[in-house]
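There are two complexes below, and they share chain A, which is joined by chain B in the first and by chain C in the second.
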Partner chain A sequence: MSLEAPEPATQADVGVTDDGLDYDTLEALLGDVVIDRETHLNAEAFVVQPDRVVDALSVLKNKAGFDHLSCVTAQEYEDRYESIYHLKKFDDPTQEVSVVVPTSVHDPTSQSAESVFRTADWHEREAYDLVGIEYDDHPDLRRILLPETWQGHPLRLDADQEQPQVVPLREHANPLQEDHPGGSDTMFLNIGPHHPATHGVLHLKTTLNGEQVADVESDIGYLHRCEEQMCQQGTYRHQIMPYPDRWDYISAGMLNEWAYARTAEDLADIEVPEYAQVIRTMSAELCRIASHLLALGTFALDIYGDFTAIFMYSIRDREVVQDILEDLTGQRLMFNYFRLGGVAWDLPEPREQFFEKTRDFLDELPSRLEEYHNLVTGNEVLQMRSVDTGVIEPEVAKNYGCTGPVARGSGIDYDLRRDDPYGYYEELDWDVVTEDGCDNFSRLLVRLREVEESGKIIDQCLNLLEEWPEDERTIQSNVPRTIKPDPDTEIYRAVEGAKGELGIYIRSDGTDKPGRFKIRSPCFSNLQSLPEMAEGEFIPDLIAALGSLDIVLGEVDR
Partner chain B sequence: MSSHNQDTTVAQTTQEARMGEGVDDRFNSKLREAFGSSPFILTKFDNFMNWVRGSSMFMLQFGIACCSIEMMHTYAVKHDLDRFGAGVPRASPRQADVIIVPGTIVSKFAPRMKRVYDQMPEPKFVVSMGSCTCSGGPFQEGYNVLKGAEEVIPCDIHIPGCPPRPEALVYGIAKLQERIANGESSPVTVKPYELEQFGDLEQDELVQHLADQIDEEDLVMRYNWAESQ
Partner chain C sequence: MTISETLAGALGLGAVNPLEDFVLSLVGAALVGTFILLNTAVAGPWAKRKITAAFTDRIAVNRIGPFGLLIIVADAVRMLSKELVIPDGVDRPAFDLAPLVLVASALLGFAVIPMGNGIQLADPTVGLAFLFAVASIASVALVMAGYASNNKYSMLGGLRAVAQNVAYEIPLVVTAMSVVLFTGTLQTSEIVAAQAEPLLQLGALSIPSWYAFVNPFAFVLFLAANMAEVGRNPFDTPEAPTEIVAGFQTEYSSVYFVLAYLGEFIHIFLGGAILATVFLGGPAGPVLPGFVWFTIKIWAFFLFTQWCRSAIPRVRVDQVIEIGWKGMLVLSFANLLLTAVIVGVIV
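== the complex of A and B ==
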């Protein structure tokens, strides 16, 4: 129902040539806003004065077609603070450009990008919270991950990690005390942080008007376990890899590991043998199946409110996938299987048994999916609850930086596996699933159909692996024991995680540990769009919308 | 169902038909056999209560992080914790006896978890699941992470692992039941929250400022990890 006129194609193609982007044309388009240029490994970056951020971003968005603010990275140098806006196009995510905004050490204030990209709201709040950069004209600049009483900004260079902190919780605070404030007939309701429907420790501050949601505000940070700090403390070669498993912990470990592997391999220029790429592709898709199955089970849990058959069925199928992954990696949940330059070890011996087990699962998959469709998507009750509820229009979803099944459920044809190919996906025959319903039901349907596509990918990988000549089974390339990328190399790379675009920004500082490690979590952006879906709906639809977003708090809070 | 059945039940009451002939063997268990003809046992009330507590435990449906995924698998098919009389998750802490703490506890969540724990009726038991709840686990060095659940609530059983397998969780809970049945795990009474006068913190400007901000009705948690290590 978008009323916005489609932009003429010529505008979106500024600077696009056959050899990639011509950044000189873009610089000319931006004019005097640009004061300098930097080269990052993924894209060129334009340096912009702190008070010209909106100018630069709106030109790039409206005139050059960079409609996807993928990530905002904030960091502190010895002599300045820096916010980096990583921009992409939804049509072609390989076309990237970054906008770097340096601010002085004494007054780290720059203009907010919130008026151009809605998604910048939370990203800038996070930058303020952890690094302490202030954003002018930001609608609501306060802490997002840490408690409001926190003293200092933990990712600053001089942060005292052992400083005592005081965290209050108001005792006997009456969640209904804002009932009827000043004669209005709204009611305030806390959902969470401990609540079965919030999928973890999320706190929704909901204002109800009757049974309708008048306002909903997500209060996150109940699982902020310093993932970025942990990665900045670890060495590239081995110490970082275990952590990605724990961002999106719903069995999506390999997909997350791939995000780190891809970024670090591009940063340190490491080749990955083809054989290892096939194993990676196969194991990642197994993870995607497991993750989507849990999304299905918990969505049904949200709709029906009990541990019903659907939940048990999906757990039963997850057990099968987890068994296969355990055979492969040795762990059920936290695989730590990828290595820079390949994978940890080859398929388990005897290989035939592994192939047979995996094939058995794939053979069973179509009938299982049919059962799910009979049980879930064909169920009238579920349809009544989920069709046309939690609607988010494609333009709104783009503005919020939604990716993954949430974007594809709104008809945005965006999948990094195809659009920014990595691994072995390019060689395989599969389709990107989209649905045009924009509602809770579409998002569920996208996940179920993606399980089917993942099954296709795994089947092709199995055929390849089975026929791979025995003397060419290289699982790892030669990687130096210590990896020390050149100082001040910057890179931002993303992969298609289970929930959407999972990106990582790394700046090297010449040592064997990253100088700055920033995670772009898909759930973080997706969750931000919840008010758009839920406001004006009934409260059970809010719960359904939250379930269909399929957030995992480990990744939202990091 | 069959004609044979109908023949034998013609002259009996329903109750007799159900029980069969002779002795009442509704409780046809080994236990019943051991009792012999006497339907009475003699035991200490405390022993009996401990046995009852250990045999029927209601868990709190409480998920924090990665371990909660394995916890869900433990509740669901295949591992089916309910077989051991400890697997019906209750959504309200006021209906639960056992809280499994499955995941990393960070500063913002700790007071909330304490609140949930305080809301559980006594006697209550705590299973700390995973390395994070033992020590902070892989995130121990994080600025925002508590070094174990025991800093906030008392734990009866620790199950290490990252995450522990469902089998490990089942074993841990079976051990807890055993301890409860043997009277080894005594119900803990914890004093409700009190406003700490910022204990041994130096009363500098910042501490004073924070102390002024906080209402006496507030719950306050202080984290000083340098000392807790």
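== the complex of A and C ==
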């Protein structure tokens, strides 16, 4: 026990009432930092002065218990720039508050939130990169997604969207030139962008001390495809839905689509029929199983070093899920199955055949999982490799905004399906899985056990769908052909994707296309915590930690 | 009986003079070398794929020839016709020599292995010592490859290879010593002969006194150390794809790559041959001729390595070293002492 005085207990319940948050109390708590109030659809937003960001955020974090900086959105208006800090509580993510920081057009500079929330580091770098807002006291304000030599900021209003910028390789620093930084006896090693274990194009700038990792820095952006901007150029009704499939493309498509569906439906106040919600829930959980199975396979690949039994077994089982999803949606990866207000079509006919196929899979699932537990989690060598490696403590994980299996592997009981319910999850009987090991093994275990829980959910959905009266099978509600939300309506909504909290912020500008579309990718935040897990460990543990994070570069880079 | 004598007998030459002996030995060496290379040719492009596929629920090569066997020819043509890329700044000739040394050291080991039916190139009195000596030359090749490639991954792989080989060579040799205590000789043919005596008589079934049966503990130790020697899971740290790309062979392409891989496979077979000679009665076995039994035994070890590769995770490099120095070394010396005491009391 420490002899130091314990930190003053956080009053996590400031302003908490039975009818939701009392924002006036919060405003009083913040005092003169607040210069204005805005109302977003998901929460109230306090407008604060650009040089009081740290004050505002630390009060909200330490005094009011908003310990989760979910996302940082940056955008440009005609007369100002704005950074929005979307805050939540890990204990209850329905309690939200936003902090809006306006800056002038001529000098878009505000204070960095990095000293309060570690996760703000990358989020603010992205804001600087794409929108061009500068953050004072930021430890490392560089571009993050675009190349260093990029001219201008692509999400600014005056950016020339027609003019491509070609960035040739020769304009980049030669990574081989700086072999031994500082002349010490460490070795600089580039892991990636083409390396068997980076699960895509990720570049880890690693400094090694012998075989031990002294420092690791992720270099991302190789797969940046301007997803946010593309969404800003599509209409709400139909043109945006295909894109989410392409963020986390490891068969988690439906989960991503739900993020957009939930946000846009709340924004335009669209009802979703219950029948469609059940189908959504079922298909989303099928996607989660497919995604977790692949995570298991690739993690085993990283530990075993070859396309071994585990990898092939998990691919074999994932294939069954893919077949079911193909029957349901007509697609294997880019489903485009959700529609605003429902889903594209009903279950495939004959329904009995679909039910039987899915049931067969669920019946097989327990024996498959037992096989995995025998082969993987019960294997002493694997335990030797993964227990107590890549450790991330819960407080650190929260500070980095880790969510999903990464957070739950560190004992953080946080799952939006239960804590911020949507779809049909509330009506079903299932559990949130957590493990307290904080290590690579726990994250693996959480995923395997979540597959089990997803199986339970799907089973209940199947029962519901089977018994659903034939004349009440409404798959879509009436949705106007063109959706034009009121100008300057702002909303931030998140769902529990395969990798964690997948959030979307939309500001409408009165047209049928979003004024600003911002994606909060769980992989982006999770990957940021890699140095915490890997530093001081051996290279194999760095690789294992990366595998246990289960990142998809398509979602990190968007 | 060495191979030159066998050949002379087959040709009806009777007593041979030194020149004839030399020529016949050369012919014998060519035959033995071809046999080993034939085995690796089947093992590398075809059997390995088929075996792994069977373990991992796949089909593998089945398009060219019966059971896809002609993939061996196709792969050979493919590998030989690829461009040989020599990166800038490699340290020649070490870079060029390393793959050759790797293959040569492993092939050299087969010179003293009795393969049955009078097939043994040479039978020196220090056979076993010679075997371990040439097999460890491979470590030199790994350092050469790792250092000369001018690549950090190769460097790491080379360092790992040496650390691992040093750590496991000692238990390997010490465990083999415990067998030598029984036989009292290092001559491989004598070691095989000593295992021919029956250990137990169960009715009509006679269990031979193979050292795997006499001292199973030593056998298991030797098997484990051997896995580390040939660098296969759970000890494939020197290569470790997904960690250090391909370790010491990262920069090798085309023919050099073939040689490096060939060296690895011959090493696995040599490991199997040593295991068979020291613990499994060499070419001994019922009904079938000795040479066939020998082939079966080395393939059994190959199968075992592939099984481990498919099913066992790789241990971390520091754990490999720890197991070697803190576990295997202690156990192998304990085994040696115990065997010495037992042999001293009984004999």
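Just so it is clear, the second predicted complex is superposed on the first by the 529 of 558 C-alpha atoms of A that agree within 3 Å, B and C clash if a C-alpha of one lies under 4 Å from a C-alpha of the other, contacts with A are read in each partner's own complex, and residues count from 1 in each chain.
Just so we're on the same page, contacts are C-beta pairs under 8 Å (C-beta built on N, C-alpha and C of every residue); 3 or more make two chains touch, one makes a residue touch a chain.
Bear in mind that the values here come from a model prediction, so they are computed numbers and not experimental data.
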Kindly classify A:M312 by the partners it touches after superposition: chain B alone (first), chain C alone (second), both, or neither? both
Under the stated touch criterion, which partner chain does A:T207 make contact with: chain B (first), chain C (second), both, or neither? neither
For A:P540, using the defined touch cut-off, is the partner it touches chain B, chain C, both, or neither? Pick first, second, both or neither. second
Which holds for A:P196: it touches chain B only (first), chain C only (second), both, or neither? both
Considering only the touch criterion stated at the top, classify A:L382 as touching first (chain B), second (chain C), both, or neither. second
So, A:T489: does it touch chain B (first), chain C (second), both, or neither? neither
I'd like to know which partner A:T474 touches here: chain B for first, chain C for second, both or neither. neither
Considering only touches as defined above, state whether A:T186 meets chain B (first), chain C (second), both or neither. neither
Between chain B and chain C, more extensive residue contact with chain A: B
Output the chain A positions appearing in both contact lists, the one against chain B and the one against chain C. 196, 307, 311-312, 316
Could you list, by residue number, the parts of chain C that touch chain A in their complex? 52, 55-58, 152-153, 156, 160, 233-234, 236, 239-245, 309-319
Chain A residues touching chain B - in the complex, by the definition given at the top: 146-147, 149-151, 154, 159, 161-162, 164-172, 193-194, 196, 199-201, 221-227, 229-230, 233, 242-243, 246, 249-251, 294, 307, 311-312, 315-316, 318-319, 322, 332-334, 553-554
Chain C-facing residues of chain A, complex: 187, 189, 195-197, 211, 300-309, 311-313, 316, 375, 379, 381-382, 384-385, 538-541, 543
Quick check: in the complex, which residue numbers of chain B touch chain A? 61-66, 68-70, 72-73, 75-78, 89, 91, 93, 103-104, 106-116, 132, 138-139, 141-145, 162-163, 165, 193, 198, 201, 206, 210, 213-215, 217-226
